[in-house]
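Below is one structure; the comments refer to it alone.
Chain naming follows the written order as A, B, C and D, and within any one chain the residues start at number 1.
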């Protein structure tokens, strides 16, 4: 096969852009949280400083090979699922492999990192970390169901499982799925609350009770790689939602606007809410979001 | 020698030979068994397809044994799993008593499976079915003294299934005059509606017992957790697939014009989906690894039933793919459990912990195994899940896919618990001198693990025979390339890109982690964790294990309280009271179970006689 | 903020300057609330004196933390835990002694059970005087630490590694039964 | 005024003749007893006088007359009266009986007194290491345990406290404030001697 320089540039640029945007979003979220709490708050590039600092830690410890590989699993899942999502609509450089995979693949690819991290976390032998993993997996069973309901509704509505077809189906402003199938949108956004892991669904990483849960034994380069992967993964998820419900984006300006708009929902829900217990959050996801998802499917079916 | 006679002769002959050799030269016993199954596997591989290689008449019954692509798929599954299990048994069963008994029954059950997959008429099918059932029953009660109760449960349900098949056979014979598959496939639709419906239902019940679909599954966890783990791999991987084999034939060869057929399919699909979901939820809360894997097998068979019952080309392909792959990864997981049992003497997930540094190969195989079960790319499990979901979506089974997906998401819970409890967590003091298992136990695990990897890379290799088998079932196959799969909407999944991406990113991240300040990256023991400055003592293990999924249990509430097992026990006790005054004929509990079976038989006969007017 | 000018520390490479700049602006604090000083940390972190402005935020575990903030007196019992926690932290790591008790024992200077000079047992980078120091003083101390880091002088951990046997001698003098994993960086 | 206290005093005097009972003030009755009479008195107070609650057990070191004083503080929820029962035990290898059979919470106080004063309560099998970790040598709360000396030879004394002597004088010198003569002789212990 011949070298396609545009695609190669895309392969190099996409993770960098995703990382920068994701990190900046994280900083902005910290700033917004501070403002809501009547504080001045850190600068938007605070998370970037944090990650550079973590990368420049001189020492690191691990409890064995699985913990050593855990962050590698995480970043593999993030970057791979990023490459299979069309970042920009019909642009060769920024919709890289999206024709070679589909939504079912993305569903499972997104779990890949969580599973790898859980294995790495398991080897630390830290009880807090294990409790965090148990809570995280249980909560995942909660929010995956409404998310899948929304996705199935969309896939059946548009008779495709590929994101590009879904994108091309919502070329007009009025064709966006948020208008075409609002119940799917609601179910998806409620599931996004659980995916993003802000309050009230932050029982997994609860710093006060679990000593930050799963990553409690990770420091230095491991934590740095985890946070990098987290930033990229946040951007990937937001782009996926923008593609699914808001008709994607033609250029990065629109993309940033849409993803930021989507991101603000879990953030603003998070800053004003206390924390759910695990079973409460699971039952929450099995009540209203699932009901909306079933409504979405019924709306498609009849 | 390349014939079905050869296969059956070698297998049953080797069975007797091992039993004799056990008393004469025990060294040769294992070798003979392994060589025999290897040879039969080779023959099954070489056997020409669509050839009726054995045909004779007993009384007025034609006995036909023949080979087809569909049969060959299952035969090779049986051969490979049997071979690996026998190799594994060489060290795993070393030093146990009554090994002649063990090997003989093992080979007889393998021979029974061969006979089932090659039989082209219901008579020989029933015959070999009974052989398989009895020999596996012998192996279930092999382990220990208190296994009789468990074995009894298995026996009762197998008997129910066998009688159901027998009655269906009689019904069909009485109305067609022959039970060879050729006659039955062509003439089935000419039978009266009642006979069609009753025979199909009876056959589905009979095969569904072995396939452990939900109301008939209660024997499975007990039997799987009692039989020796080397055989449990075959039990769950191949023997339970015989039910799938039969269901496939019933659903797609016993075709008929009348419209009830789709209802049967839909009902079966929903039964399968609920089987998958409930069995998964039961598996999450098990503490014994064998029971966990047993419930996991039940749920995986539920997926297979869904795939078969939906009946689109893609779903059948998914089901057969999962048949093969479930054989592989469930064998890996049972072998790994056996390896842990072999070294630590326990399969209780609350006792054993922190073996990853002691048994790296076992951990690696088990890791690939659970990734394959969970369906995470790039392993083969993802391909089967992908095919299943795509087929369900195309077929507009909106809610079926939700149930199935909920099941496969909840599967992450028990899979993580399985691998976490045995290999991860803090290292226990009493397991410091545990060593890796010998190569005869390592080898099968690692080879099967690599097989799951290869099926993920090149699903086409496995889809080629499967599409032939699907074609035998009378449906056009699914379009695929060596590593690219398409659904009927034209969407594709290209495993080349997936593998390339995952490999590149993972390897680069791994290299980065490894070389970045390598000098000052230190390994610390699992005792050296953040515990607010306290140092855990030697004898205290801080691993969080008991009630690992308590929050999830609370979230489920009373969903899992009613158990099918209890219902059966209540029926049994009621029957015991009902037949209390017949105690001079039947006494004791076991006979009550037998009575239960007989009454079942009588009811079915009256049922068919009174309603459908079929003379028995 | 302090921008390190190159000519004065030409021996330091640009990479170190960038890294120190990042370290300076992101200090994750493991507040070891041993003494009464712990009560001064919440106001420092919350909205009145918002320490997060300077990139100072709490860390949950020593693996992630940069600064070990020792608030107030240390009895021999807590000193053992503090040393353990310090040795679990990753380089580069800094210690802030908070309150007079860490400097010279403060009001517990003659107690039979509290140490008097923290820097005999751990390498203290910055002391914050006062009993208790107000949040302004705490933030002032953090700014001092930030300047030290920016100048590349925040190297308490290296001192600890170099003079480990001296520190160990002092520590073992008061901690009698010493069961700890050895510190072999 | 004080009628319930006096009634209590009468009751106690009637039962324990050797007890020196006095009403300190409202709601406060002090009882002085021989050490061997303390357990019967406490059980009597608990069973008959309805003093259900043991608030505290404390210890005072009377090094002048070479004795330790154990103080038991009881509370009556109906009368709202507090009994302070005091007794003296000899200082060298001090012994007393454990009160765990009367009140479970006595265990904690007894462990503390055992650790801090070296009193051995027989009947209490729980007298292990309580607050001080691996402490050897003299119990630290005894008055002849020289805590400054111990602190000097165990912990590093940072110099610089000398100029902080007589803080009051320094402050008045700074502020030029008038201090009356009787208030002048503030002494703080000199670190040097």
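Everything that follows uses one rule, which is that a residue touches a chain if its C-beta (ideal position, glycine included) is under 8 Å from a C-beta of that chain, and two chains touch if they have at least 3 such contacts.
In this text, all values refer to a predicted model and were calculated from it rather than measured experimentally.
Of all chains, the one whose mean C-alpha position sits at the greatest distance from that of subunit D is B. Among the chains, the centre nearest to the mean of all shown protein C-alpha atoms is found for A. Of all chain pairs, the one joined by the greatest number of contacting C-beta pairs is A-B. Distance between subunit B and subunit C, defined via averaged C-alpha coordinates, is recorded as 59 Å. Centre-to-centre spacing of subunit A and subunit D amounts to 62 Å, using the average Cα coordinate of each chain.
If you average the CA atoms of subunit C and of subunit D, the two centres end up 38 Å from each other. For this pair, subunit A with subunit B, the centres built from the Cα atoms lie 36 Å apart.
Of all residues in subunit B, those that touch two or more other chains are 520, 522, 524-525, 527-528, 530. Across the assembly, subunit D contributes no residue in contact with two or more other chains. Residue positions of subunit A touching 2 or more other chains: 58-61, 211, 216-217. Interfaces, counted as pairs of touching chains, are A-B, A-C, B-C, C-D. Residues of subunit B touching subunit A in their complex: 354, 356-357, 367, 371, 374-377, 382, 385-386, 389-390, 393, 396, 398-399, 401-402, 405-406, 409-410, 412-413, 416, 419-420, 424-427, 487, 489, 491-494, 497-498, 501-502, 505-506, 509-510, 512-514, 516-517, 520-530, 542-545, 548-552, 554-555. Against subunit D, in their complex, subunit C makes its touches with residues 76-77, 80, 103-105, 109-117, 120, 170, 173-177.
Subunit D meets subunit C in the complex at residues 131-134, 136, 140, 145, 147-148, 150-151, 154-158, 160-161. Residues 61-63, 80-82, 84-85, 88, 91, 179-181, 184-185 of subunit C are the ones that touch subunit B when the two sit in their complex.
Contact residues of subunit A toward subunit B in the complex are 58-66, 68-69, 71-73, 75-76, 79-80, 83-84, 97, 99-102, 104-105, 108-109, 111-112, 115, 118-119, 122-128, 130-131, 133-135, 137-138, 140-142, 144-145, 148-149, 152-153, 155-156, 159-162, 165, 211, 216-217, 221-222, 225, 277-279, 282-283, 286, 294, 297, 300-301.
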